[in-house]
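Each structure below is given as structure tokens.
Two complexes are shown next, each including chain A; its partner changes from chain B in the first to chain C in the second.
Let's look at the complex of A and B:
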């Protein structure tokens, strides 16, 4: 397997949900790439379609619940061409998950150990109790939870411990890619930072790739290698974190960055983003963010801005495109 | 693990159930005494003057009702008599003691209604699991409709219809009693066969009418459990479907159903009044009908006491069972 093969490649994926009024496109033409061993962030407000992309790409959301168009490969394998058997085998071994609200991700009537063992047993034909036990202890040590908690039921763990156990579960079979969907939503701010730091640390040490989905863009910019910002089911901007952090091109990205208070430093008044995300049942003709954009122009209401590629960065914005175009003309 | 707290939990439960039992006994004492007259005068009235007034005293003594005692004294002698198994004398079956009447009727009811309830519960839950797991498929979606119609039909009506068609018209099944006239109650294959033959129709009518309730309850619980995050994660883990269904779905969906099962097991002792009456089946339900139509207060009181005890015992057992099935309970 060539080393430059991306862990996850999503190419022009659209996802539609059935409603009384026909199919509604919740996600349009989204492309993103997670290279092996990198941490890519997917940011956006709730309803922006960020979870939908991840779940559809991994075939957790599948027909007839949704309609998916486009192409997705994980470690070079075409996800939509896989047979159910292959898919079942690839799950957890090639890609695993840390789900939204990890607080409820553990079965309340089974001990942690049993919930780890069943995953190993489902994938390892040479499953043996003792070696599986060893692996369980290893992953518990990796996420820094006492090994004796393996014999606990989920309700006996604290929120932070449960979150760590869910991460340990995702590490169990050494996957190449872990999809983390809002892994810290239910935790307090301090525990959130701890978990994110742990994820970053493990990702660097163990070398797996992460697609981290969250609405907290400022946090993402601190930890992710690159970031994709979604709004109204579309990619608004993407690029390396260090560049977006200081020089976001899209007005939406800038607004999102300024919506979260820094944990340290002086107190400043936070700006929210006035207005609400567009109704996907009746999507606007132009840019989905036009209604709420402080820099809106006439053209924004009328035509959809195309995604412009500029080196490692991409942006879909008429205003940003103008600014980008100027230096190019000067150069020419 | 938490031995001490487990024992304390059981001790608390026993205390609680004793308190409830005492309250039930007290109600059972008070309610008949709120009614005008007493058992002896009811019997006198029923005899329409054929019993000389002088016999009233003798009857009162025989029934254990002495109007010379203060209510408090009556209450304590009632408690003592009840706890030592002296439930008074039935006057439907005069002069047989109530305890003996119940002792003869109870085994038939336990056998017929008990088995029918367990069969209905097991079948109903299995079908419920099937219809929730395969929902969307034609058969799985048709089952709830069919069984809702079935359980909406009054079971005495089904019983009467079965009795008329299969028993009376086609003569395939006996139409009354628990065993055939020429059969002596000894332990032989012939007796057993006759008992099963006589129980078939009444049991069948109970099973088909009560199965729907179990099925719907299980299906509804399971459908909501299947939407829980831990079931989603189990699917993401790539576990075999059967394992997800058993360990993650059914085990969690069964917990609330157990309480209703305990209640209905308790009520088994009360018999299925209408079915036993329709089939002239010599059980507690049949005895209760006799008791009510003959104003047989001692027998009614005795039967109510037995029903209350059975419901309490069944609930107690399920409470204990819960501590094994649901690890969250024993900690509280």
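Let's look at the complex of A and C:
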């Protein structure tokens, strides 16, 4: 397997949900790449489609519940071409998924140990009771939860410990990629900080790649190598966190960054973003952000801007496109 | 009478002081008793915005509900505008609640789904006011209430039901409702934590402008230190049922003295911090979780997590020490 292969590659993926008013495209034409051993953040408000991308890319959501177009590869394997048996192999060994509200992701009537054994038995053909047990202890040590908690039920653990156990569960079979959907939303600030530090630490030590989904852009900009900003089912902008923080090109990214009051420095009145996110049942014809954009032009209402690539960065905005001196390449 | 257009009459009064002294509140927990408020002390002026910051389980919401007298404390005293309201009932309690209102965390649960916005607002008016007004002024009153929280044009909203509004709009209705009784002080329990990030600032700015225009004070309860600093002039930090530090907002964030305040500052997301990743692993200097409130704690409640813990912390409960102008902290480190 060539080493330059990305851990996750999402190419022009669209996802639609069936409703009684026909198919609704929750995600349109989304492309993103997670290189091996990097932490990529996917940011967006509720309804922006960020979870849908992750769920569809890992085939948690499958037809007929959704309609998915486009191509996704994880470690070079085409996700949508996999047979159920291959998919079962790939899960946990190639990639794993930490679900939203992971606090409730554990089965309340099974001990932690049994849940871990379940995962190994289902996904590792070489399952043996004794070695699996050893692995359970190892991952508990990795996430810094006392090993004796393996015999606890989830309700006997604190919120932070439960979250750690869910991460331990995802680590069981040494995946190359872990997709984490809002792993810290239900946690307190202090516990959130510990979990994020843990994820970052493990990710550097064990070398897996992470796609971290959250609405907390200020957190992402702090921990992620690069960030993808979604809005109204589309990618608005992506690029290295540092560059995005200080020089975001898309008006939405800028507005979102300015929606978080800074912790230090002088206090100034910030404006937030007027209006509300678009209704995906009736998506706007042009740029989804046009209605709330301070720099809106006529063209924004009419045509959806294409995603422009410039070096490591991408942006989909008519106004930003004008400002970019010479675009390298314009995607159709 | 000026009640017809209450929104446009700025009030020129100094805020009434709210003083909480040594408040204790316990809840039965099976065979045990959870001692949730352990001598909370808080003084604020009803024309200020004060932020109450702490982790979940620190007793923030219990304190808010005690201030609203949804709970009655077992020990301690609470006075508002010079009057003891710790145990008042009946008419006196209603009078108190006219002046102190509350906004709840979850705007999806706080509004009755079977009532229109018109009814929701109408019901929050002081008893008798509605009946005493001529029809024309009634409409105006409701429209003003919506206009002052930025829900325009108000006529559209009056007919709607809560499910037709977005989360941000619902929280604005909740704020409008809290203002209908013309309160001095609004206790806002995490009013933006359930809202989308792009809408949060709008609600915080609304609180700021209502404070500037009408002198309405807020006790803003949150776990987000950056947001607390943004809206408030003072911050009180709560831990295990006590206020452990209070002072001017910038002082608290820049020079927090209590080790717990320092932990909160450290935990707050701060994109500007990134660059040197060498600072990251430091998070591990703090360990542990908030104490079990069902057990009595000897000494300082932060002893289990404090990196500076020493003998005295296990023996005596710390008392407040002044560490700057208007800035005090409850920690044995500042004993001398």
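Here is the rule we use: the second predicted complex is superposed on the first by the 312 of 332 C-alpha atoms of A that agree within 3 Å, B and C clash if a C-alpha of one lies under 4 Å from a C-alpha of the other, contacts with A are read in each partner's own complex, and residues count from 1 in each chain.
Quick note on the criterion: a contact is a pair of C-beta atoms (placed from the backbone, for glycine too) under 8 Å apart; a residue touches a chain by one contact, two chains touch by 3 or more.
Source: prediction; values computed, not measured.
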Quiz item: Of the partners chain B and chain C, which touch A:36 in the superposed model: first, second, both, neither?
Solution: neither
Quiz item: First (chain B), second (chain C), both or neither: which does A:25 touch?
Solution: neither
Quiz item: Taking the superposition as given, does A:135 touch the first partner, chain B, the second, chain C, both, or neither?
Solution: neither
Exercise. Spot which of chain B and chain C makes contact with more residues of chain A, would you?
Key: C
Quiz item: Is A:219 contacted by the first partner chain B, the second partner chain C, both or neither?
Solution: second
Quiz item: Just chain B (first), just chain C (second), both, or neither: which does A:122 touch?
Solution: first
Self-check item: Which of chain B and chain C A:101 touches, first, second, both or neither
Solution: first
Self-check item: Which superposed partner A:60 touches (first chain B, second chain C, both, neither)
Solution: first
Quiz item: When the two structures are overlaid on chain A, which partner does A:91 contact: first (chain B), second (chain C), both, or neither?
Solution: first
Exercise. Check the residue A:71 against both partner chains and state whether it touches chain B (first), chain C (second), both, or neither.
Key: neither
Quiz item: Once the two structures are fitted together, what part of chain A is touched by chain B and by chain C alike?
Solution: none
Quiz prompt | chain A-touching residues of chain B, taken from the complex the two chains share | solution = 136, 228-230, 232-240, 243, 247-248, 251-252, 255, 325-328, 331
Practice problem: Would you tell me which residues of chain C are touching chain A in their complex? | Solution: 55-57, 166, 168-169, 196-202, 204-205, 208, 223-227, 229-230, 250, 253-254, 263-275, 280-281, 283-284, 286, 289
Self-check item: Footprint of chain C on chain A - complex, ascending
Solution: 45-46, 158, 160, 188-194, 197, 200-201, 215-219, 221-223, 241-242, 245, 255-257, 259-264, 267, 269-274, 276-277, 292
Quiz item: Inside the complex, what are the residues of chain A that reach chain B?
Solution: 58, 60, 64, 87-93, 96-97, 99-102, 104-111, 118-119, 122-123, 153, 155-156, 166, 169
